[in-house]
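Two complexes come next, and they have one chain in common, chain A, joined by chain B in the first and chain C in the second.
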Partner chain A sequence: MYVAVKGGEQAILNSHKVIAEERRGDPAVPELTLAQVKEQMQLAVDRVMTEGSLYDRDLAALAIKQAQGDLVEAIFLLRAYRTTLTRFGATLPIDTAKMAVRRRISAAYKDLPGGQVLGPSYDYTHRLLDFALAAEEGVGAPQVDMAEEPVDESIPRVTDILNHEGLIEEEVAADDEARVADLTREPMEFPAERDMRLQNLARGDEGFLLALGYSTQRGYGRNHPFAGEIRLGEVAVAFEPEELGFPIEIGEITVSECQMINQFAGSAERPPQFTRGYGLAFGHCERKTMAMALVDRALRARELDETVDYPAQDEEFVLYHSDNVEASGFVQHLKLPHYVDFQSELQLIRSLRRRHDEEQMEAAE
Partner chain B sequence: MTMRSENGAGVGAPAEGAGLESLPGSGSPPGGVPAEAVQAERQRWMSVLAKAQLSELEQAWDQVEERPAFQWLRPPEIGMVMVRARSGGTGGQFNLGQMTVTRCALRVDSGATGLGYVQGRSKRHAELAAIFDALLQDGGRRAVLDEEVIRPLAAAYDRRRDERSRKANSTKVNFFTLVRGEND
Partner chain C sequence: MTGTQTAAVAETAAPAAAETTEDGYNFAYLDEQTKRMIRRCILKAVAVPGYQVPFGGREMPLPYGWGTGGMQVTASIIGANDTLKVIDQGADDTTNAVNIRRFFARTADVETTETTGEASIIQTRHRVPEDPMTEDQILVLQVPQPEPLRSLEPREIECRKMHAYKEYGLMQVSLYEDIARFGEIATSYSYPVMVNDRYLMSPTPIPKFDNPKLDSYPALQLYGAGREKRIYAIPPYTKVKSLDFDDHPFQVQQWEENCALCGAEDTFLDEVILDDRGGKMYVCSDSHYCARRRAEGHSGKLSGSAAAAYAAAVGADQPEKGA
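And then the complex of A and B:
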């Protein structure tokens, strides 16, 4: 039975007004500008771009302001906006070997070509609240030291260094003309190949991937990882417009990359060697890329003849639950009116209860 | 300052019969210069124009003498491209996520067509990139524009990149080993 429920219109309109007031907060406090969000909440902007799967700092900043800092809501807003834009095509693959590196560390080698460049990171801070930031006069313009020389123009990948000895699997493009899976245009299919898995993980929820990555470290997936290399920096984006016939650089994006190196005992086809897990994200999302690399490696169980025993290795479990826009939508749809459903459940439980009581009575007699 | 067509022809609307298929090679290569060399040059300046900051482009445009009238072949349009990457950096391709891009195409009164494809949502940026692209295809103007516009824009970009990189390099670790030597 369908029962039309009306009468909420005015309440909804007024709810919009209340949320607008809440978002604004105390009018005596100056309103937040998008430039402030973009410049001073950069890591929030980066997460929204990565999981919203759209590189546009201004739009991400707007989404964060509109969502009152609720990043999952902001990601939803960005994803929704994206559907209004035409797609001009796909870019050439970005080349992270040519990255203008701002941070590059390896936990596998101390001395390595190109060195360890710490760059911007909270890793080496004491994690004590800094009350200087609370001072009324602010922090002004912090000064940064400048080295005489820039970072090396081309920094070899740690995985390529290991490769010289043949101790790590190689990542080669088997067929560069092959169609690339695209979740924005086609549904997920299983078994899912690496291209589909990586796209899913790249826009997947950081918290979900972090927990799954953590589970592999605690024994639910055993892949003994080392952070072979972590990079942050800018890469050029090249695109070949149809009407031009040759590629041109159309801009530059910031990306974070993690190459995780994992033990592998070998299989019938492969000798013992290190295997790899890969993480890549827009902006500065280092934790996300590390978690992504752990989960990427765990999801390669099938390919590497490993038994699938744990959640992080189960591609249906991981890929179907990683998207926070879908997850949030399905969990929160429970708030929508289910009045009729609930009435029928109520009737059912009443009749079950009656039968239960009758049976109890009969048993007692 | 205006860069609108003086005669008003076709401004803001695609010109009739001016199909975009006419774009490739529309800039006639100057005599004796091989087509690949012109293409490489065009790739270079289009890249510089796309990566320049809008304020720098506006400034460069302000300096330009003899600004041409033009008509739109395709007025600025905001869209996106899917950014691809490779697994492990070198392996098979995958779709990382999308990026906003603004594109446009126009024809200047000398007949050259200019194309703008730039990251972000600035229609003005795409427009200026396209008009410079058209002007740079004019063999008679290229040398001057390259000297006065493209080189300074490229230098400004290099400066920003160098500054960022030298800041990063100040955080490079210089490992040293403490030697607890035997007394000899």
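And then the complex of A and C:
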């Protein structure tokens, strides 16, 4: 009887129909196929896989199509699907030193073992709209010439090279057998250890991390970063079934990795030494891994006895607000009815205003 | 809490484990391991009334902030024989309530109802039903922010310490500051309560009008916060006290008018704007309660044909129709 939202059920169904129609767009235009999204929107697929925490190009393409290209919505779709999947176990850690490298650059050294491999990158393109791409006949099948020499099979990490001289902190797990935290199964705990922080950042919103990383460069937590190394390529994934007792390779995935080298003045106990920030993402998400590495380093303030003065160093601030599925949901929940709370506030403000008027009157008398 | 109810919480849903309703998804969406984990957290929450138990909250196919915590609690305790009622702002027909009810009808194939007395589980956002609930029922509340101290102290680490030491002076000071500045406590919803003389608890944004109901409530109250990954509970017949001062006792909202439809004098009323000249009326926020009273012959000043005319008028230009 109280009718302001009566018919909600029908309205919801109708809304779904409207969105289906809008998603399809002009029916005279051929419908987008998942293969097209997967092959020609690869970077969108990569971002959705990374923040959706699920390495599946087909499902990510489906999510992008279903979300009309809204990547945060697509990430949400993928997450909601992922959470229902059965868990067989955890793979062994991937070894990025054994990556089949397609791109590998270091800003710390001009040349280094393995060389600089530019690979696919927009870095040195002129950002001029390429009207050739707008042509009806399309771009055909562009092909790149084979390099004269293949890329080295195994390319040492820059951080490992630095490590020979002891110039950079070693990165060894405190306890190799210790279980790695998993935010998708357990809530965050504070203070958060680095495994939990890195998982949070890996799933975190690229835009949020980009802004935070940027803030550390502009003086809000400066930690003098160098892009020690960025690499992109394929790594093998191995799984060790309990009943088998030895690892088997179950496939390969594409990952981007960023090792940031940062300064550290040292302390009474530790000599001056470079420190690290780390970023890793599924597919080609270079900007994300760089931002992640900056924020990872900033969040190590506690561990490195630095004062926590800035947002990017504040782990509760960063980790609680990095997830775009959480953020998007909660910001948009403001669309839900709040009649009851608002009514309560109306009651309150009227009473406060009455009191205010009475006091004014008394004062005037 | 009674022994039978504890058992009910722990065992509910188990017989339905093998059933699947929506293709490819488990009964009530979540897998059985997850539901068991959540039920364990619920048991802990019941054992320590008002304490926020961290839990491994899952992604749900509805957005965070739209009831994912409540949904996970409901999904964990619901069984094939349960009857579910879902309300938002006290009403069964608000879009989000409709949506969550549809979700469980789809994934758990349970019976749903709008009648408070018929439901074995009531999931709610922002209200406690006007009709009393019984020991056989469970009230599941959706919680946006479980931490009552959050607005005073943003750090989780600090808040957990304050709870551990039962150090709630900050909250009392904040309420006192309200009195000093406004002459009264300027919190109209999410009004903090002490549970079992031990834990300070946020009763979710229910209006403070509903706070007195929480005290010694016969039904088990389960609070689920999905985004913040916390579950807490108030077992039946637990002492729940709204914070106040001796010289400024806790008070609930009062209206000068009665419900325009059913004439109720003691319910939480929503204000409905009738025109752009200040015309308004008040109706019960609890849609089922109001409908039941009208069916029993109660009437307000805008009953019968006038109400029908009003319904037609508001229905005609309601924003959500047709999306």
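In the analysis below, the second predicted complex is superposed on the first by the 357 of 365 C-alpha atoms of A that agree within 3 Å, B and C clash if a C-alpha of one lies under 4 Å from a C-alpha of the other, contacts with A are read in each partner's own complex, and residues count from 1 in each chain.
In the analysis below, a residue touches a chain if its C-beta (ideal position, glycine included) is under 8 Å from a C-beta of that chain, and two chains touch if they have at least 3 such contacts.
Note that the structure is a prediction, hence the values are computed from the model and not measured.
Engineer: May I ask you to decide whether A:271 touches chain B, chain C, both, or neither, giving the answer as first, second, both or neither?
Structural biologist: neither
Engineer: Examine A:207 and indicate which partner it touches, taking first as chain B and second as chain C; both and neither are also allowed.
Structural biologist: Touch partners of A:207: none, neither chain B nor chain C.
Engineer: Given the touch rule stated above, what does A:8 touch, chain B (first), chain C (second), both, or neither?
Structural biologist: The second partner, chain C, only.
Engineer: Who does A:259 touch here: chain B (first), chain C (second), both, or neither?
Structural biologist: Only chain B; A:259 stays clear of chain C.
Engineer: A:189 in the overlay: touching chain B, chain C, both, or neither? Say first, second, both or neither.
Structural biologist: Only chain C is touched by A:189; chain B is not.
Engineer: Classify the contacts of A:86 with the two partner chains as first (chain B alone), second (chain C alone), both, or neither.
Structural biologist: Both partners, chain B and chain C.
Engineer: Contact-wise, after the overlay, does A:328 reach chain B, chain C, both or neither (first, second, both, neither)?
Structural biologist: After superposing on A, A:328 lies in contact with chain C but is clear of chain B.
Engineer: Name the chain, either chain B or chain C, that contacts more residues of chain A.
Structural biologist: B
Engineer: Take the contacts of chain A with chain B and those with chain C, and give the residues found in both.
Structural biologist: Of chain A, residues 82, 86, 184 contact chain B in one complex and chain C in the other.
Engineer: Under the definition above, what is the set of chain B residues touching chain A in their complex?
Structural biologist: Contact set of chain B toward chain A: 20-21, 23-24, 39, 42-43, 46-47, 50-51, 77-101, 103, 105, 115, 117-121, 161-173, 175.
Engineer: Under the stated contact criterion, what part of chain A meets chain B in this complex?
Structural biologist: These residues of chain A touch chain B: 49-50, 53-56, 58-59, 82, 85-97, 100-103, 110-111, 115-119, 144-151, 157, 159, 170-176, 178, 180-184, 194-196, 198-199, 202-203, 234, 236-237, 239, 241, 243-253, 255, 257, 259, 276, 278, 280, 282.
Engineer: How about chain C: which of its residues touch chain A in the complex?
Structural biologist: 24-26, 29, 31, 54-61, 63-66, 68, 88-91, 93-99, 102, 125-127, 144, 154-157, 182-184, 186, 188-189, 205-209, 227, 229-230, 253, 255, 261, 268-272, 283-285, 287, 290-291, 294, 307, 310-311, 314-315, 318, 320-323
Engineer: Residue numbers of chain A touching chain C in their complex, please.
Structural biologist: 1-12, 14-15, 18, 76, 79-80, 82-84, 86, 184-191, 316-317, 320, 325-326, 328-333, 336-341, 343-348, 351-352, 355
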